[in-house]
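What follows is a structure written as structure tokens; I'll ask about it next.
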Amino acid sequence: MKQEKATVVEHHNFQGEYRILRLAAPVVGPLVKPGQFLELQVPRLDERILRRPFSIYQADAEGVAVLYKAVGRGTEAMAAIQPGDEVDIIGSLGNGYPEADANKTPVLVAGGYGNAALYILAQRMEKTGIAFFGGRSEIDILLVKEFEALGWEVRPTTDDGTLGTKGLVTAAFDPWMKEQEIETLELFVCGPNPMLKAMGDRAIANKFTAWLSLDRNMACGVGACLTCVIKRKTGEGWEWARCCKDGPIFESREILWNE
Amino acid sequence: MSVDLKIKIGSMEMKNPVTVASGTFGYGPEYAELVDLNRLGAITVKGICPDEHVGNSTPRTFETRGGMLNAIGLPGPGAKGFIEKYVPFLKQYDTPVIVNIWGKGMDDYGTVVEMLDGEETVSAYEINLSCPNVKEGGSAFGTEVDTFSRVIELVRGKTQKPIIPKLAPNVPNIAAFAKAAENSGADAISIMNTMPAMAINIDTLEPELANKFGGLSGPPIKPIAIKLVFDAARAIDIPIIGMGGIFEPEDAIEFMIAGATAVAVGTANFVDPSTIDRVIDGIEHYLIKKGHSSVADIVGTVKA
Amino acid sequence: MSVDLKIKIGSMEMKNPVTVASGTFGYGPEYAELVDLNRLGAITVKGICPDEHVGNSTPRTFETRGGMLNAIGLPGPGAKGFIEKYVPFLKQYDTPVIVNIWGKGMDDYGTVVEMLDGEETVSAYEINLSCPNVKEGGSAFGTEVDTFSRVIELVRGKTQKPIIPKLAPNVPNIAAFAKAAENSGADAISIMNTMPAMAINIDTLEPELANKFGGLSGPPIKPIAIKLVFDAARAIDIPIIGMGGIFEPEDAIEFMIAGATAVAVGTANFVDPSTIDRVIDGIEHYLIKKGHSSVADIVGTVKA
Amino acid sequence: MKQEKATVVEHHNFQGEYRILRLAAPVVGPLVKPGQFLELQVPRLDERILRRPFSIYQADAEGVAVLYKAVGRGTEAMAAIQPGDEVDIIGSLGNGYPEADANKTPVLVAGGYGNAALYILAQRMEKTGIAFFGGRSEIDILLVKEFEALGWEVRPTTDDGTLGTKGLVTAAFDPWMKEQEIETLELFVCGPNPMLKAMGDRAIANKFTAWLSLDRNMACGVGACLTCVIKRKTGEGWEWARCCKDGPIFESREILWNE
């Protein structure tokens, strides 16, 4: 975990409303594990002070990139970031995904910017497998070619049927799941909370492993403020776990969803 | 030219006047990779009560114009948990540790001190009498002078270590509380806790915090805190730890000129963890530039 | 679809729930070239006491992070001066006028009402019991429930027009003051005045305001004001005029959901005189969008 | 007095640390009288909300220009203003200079941005006369050629003697004054407060007229907040006068300086 004034190398529209921000960050870049994230200080974020968390989409010795969508004040203000600007980042943060189990079949499940967070995982994984990507429409399904280039089979689903199976990610996943040796599956999931919960429920019911990347509002990003907590099951009941520090990756069985 | 940054809070020596605000820095390890804990004047940890406490539901924080609200609700490992989990870590550093304590009832304040007092690593107690986010105790103790004094006297009876009551800002007469703290045996006071506040989502009609209310912190409250420190400093002879929206060295210096012997960096840690370093450097440079030799030369020097 | 923006404060009808905060809009003429005074729900003028008053020395204002401090000190033409200089102007508009009144001593509150009450143009009185910037009276009346009630009763005895005590924010128990206002015959209350605050120049060591202290206003105080309005609304049945950092329509709506029947735009007038217009439009659009037919449909609807 | 969203036409370094900002402002432009000012909302002025007052340097039917120096947070943030940006202005504000007295000799006295404020006055005045401009160094004496082109005789003074007489403006003014029919002088003064006071004192002692443009911190700019007051003499004593509304131009005899 380091704080670094990173220099913007590239900032461009990627697809639909998604943009990629690439930063020269020789200090943070080499630290990154798949599934980790950055706390980024948005420059010129008028009258708002907190950093914003972003999954790391790519990382190497020279730097990092994030893939993001403008959804609110901070991400909208990011539009003004120009190559050459300085952006203050803290990273890499969080636990990241564990090593994939060599005896299991890896499955990726993602929605929205989740594809980005899983891309670096796929790049660094020794095996390949199958990837279920959900989105509202064709334009929301990111990086299909890139995953295919890494040797993954991609099965998209869209709410409107413009690409792949029509429906939620489960519409493609459920029939497929029935044909597998279910216990050998190892899921890596990153997406909106309902998707996480749906996959987590299936993992518990069918006794496979599912690593879920949780998205909670954050303030500090380093475990100090106790903003980002979720209920984690313990022997007797539950305890708060910090998504930023103890997560954002949790195994489905750890999570108590009733909050 | 060299300046002496050392200060004392009761018997506790600090190598410089800069600590962190309780609850914004965890228990030490959280920022240890970003901040050199040996550089700090003192580490102030998050509020501890005798037993484990779960705190509030989420959402617990909300960003406002220029600042933030929090209603974390004082979750924590309790005194025993703190000793087991964090004291071994904190021991490694050459920096005094101020433990922020609170209670659900008056007795808790005594109990938690009894549980912690044997630990050499615990250098002082900050007594939270002003948390706006817990129903049981917190601010109820901090807005009524008699109760306020009784809690301090109770803690005073349990320890020789410095005790530092933390005052609530939402009172019309902070001087009365400062004076009561001094008379009840406090070694210093700290000012201020967050300001009771609220935000409502106009689409869902729900409060933005699960706890409904929270405390406002960050730059918006600095001018309020400066006034409270000034008023309190006029009323007492014991030192004040000033806090509330310190983001730049100049903010810290302003607190000291208003009457604070030490300062605490809070919300700024979330925004820029290098703030503490910058504030310590900035105070040193200011003293040199102005030809002073020690921190005491500027404390309370406001011409008013 | 059309919505009804009209509201009532006691017997005073307002065409919409938006007025201006006393002291931020002069006496009417100052903004008349920029703002259509006929559009306002009411015009609230700067504080008036019986006699002319000079106010504080300069500097009287200071800009802070996100907001400002002021210690104007209530200069004004006095009741007679107000009637001569401004009533003829204000008469031209089809908009009720709320006169903010204050006193150096308790009697002044009665005297100023006696002097003004014959003027038809004066629609209501806002009783300033909370100005942090005058030594004589001001906030001293507003932070002690008994005195507070006595002033309101005194004014109540002098007029049939609506009276609206303005509450101080620096109290731990705003509900007690709200309740006292209601019991003493107030028709409404307004919340909040500026928050006592201070800024010090670290080079000169002088306070940035000639008066040393001032009141903090603008966006920084909004979350504080929302909480105070919420707390007060739970305690009373008379309407509340909410203010503190209203810069956008959403801010005004938040106050109303918290429990305010009307709102006042203050510091925002200095920043963007079109704020009032935008706020009125924004409330109307919000009501339409949410399918409401009147302002009352949203007042106090917070789910808490 | 109007509020207008003006479009930036031009923004350039003028001389030394002075910059000129030219705005397309067809609503405000035609209203301007010499000596009046604007309240300008500095875009992207991080976490500061108040407008900044600037004298109007040029104005016509199409718009206005201001000439300013970066001295603090707001004026520094103005550096980022680009042609095409929108800038919200309120103007024109204040009383402005009165018509010059046809029977008197006009004299301009200025320092710093004061030259700018007097330039529009000189442009619109029927007579010409003599202008005393003071500054720290040659680089601080603005618009000499432009005033000369209008037919004015310019007598610069600099603290360091790099241009004109060495010393304060009074070093050139005082000897000159002694040779004049003093009562026929009419001074128009815009500059730092000590310069205003020095010229005001001379006006009173020597019974000539001096119109002084006062520079006070402002919040509203329209007379509502009572921030910008100065003591104005009255029959019996004094009263507060608002620089933004009753001024910024006052005759030397009106001002009580002891505040």
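In this document, chain identifiers A, B, C and D correspond to the written order of the chains, with residue numbering beginning at 1 in each.
Keep in mind that, in the parts below, a residue touches a chain if its C-beta (ideal position, glycine included) is under 8 Å from a C-beta of that chain, and two chains touch if they have at least 3 such contacts.
The model shown is predicted, which means the values in this text are computed figures rather than measured ones.
Trainee: Let me have the rounded angstrom distance from the C-alpha centre of subunit A over to the C-alpha centre of subunit B, please.
Mentor: Centre separation, subunit A to subunit B: 36 Å.
Trainee: Please report how many Å separate the Cα centroid of subunit B from that of subunit D, as a whole number.
Mentor: Here subunit B and subunit D have centroids separated by 48 Å.
Trainee: Counting only residues that touch at least 2 other chains, which ones in subunit A make the list?
Mentor: Within subunit A, residues 47 contact more than one other chain.
Trainee: Considering subunit B alone, which of its residues make contact with at least two other chains?
Mentor: 65-67, 219
Trainee: Connecting every touching chain pair, does the picture come out as line, ring, star, complete or other?
Mentor: Topology of touching chains reads as a ring, each chain with two neighbours.
Trainee: Applying that definition of touch, give me each pair of chains that meets it.
Mentor: So, checking each combination of chains, I get A-B, A-D, B-C, C-D as the touching pairs.
Trainee: Any idea which subunit C residues touch subunit D in the complex?
Mentor: So the residues of subunit C touching subunit D come out as 23-26, 29-31, 33-34, 46, 54-55, 57-61, 63, 65-68, 70, 72, 75, 218-219, 267, 269-274.
Trainee: Using the touch definition from the top, list the residues of subunit D that touch subunit C in their complex.
Mentor: On the subunit D side, the touching residues are 1-3, 41, 47-51, 88, 90, 216-217, 219-230, 240, 245, 259.
Trainee: Using the touch definition from the top, list the residues of subunit A that touch subunit D in their complex.
Mentor: Subunit A reaches subunit D through residues 44, 46-47.
Trainee: Under the definition above, what is the set of subunit B residues touching subunit C in their complex?
Mentor: 64-67, 69, 139, 143-144, 168-173, 195-200, 202, 204-207, 212-213, 216, 219-224, 226-227, 230, 245, 250, 253-254, 257-258, 286, 301-304
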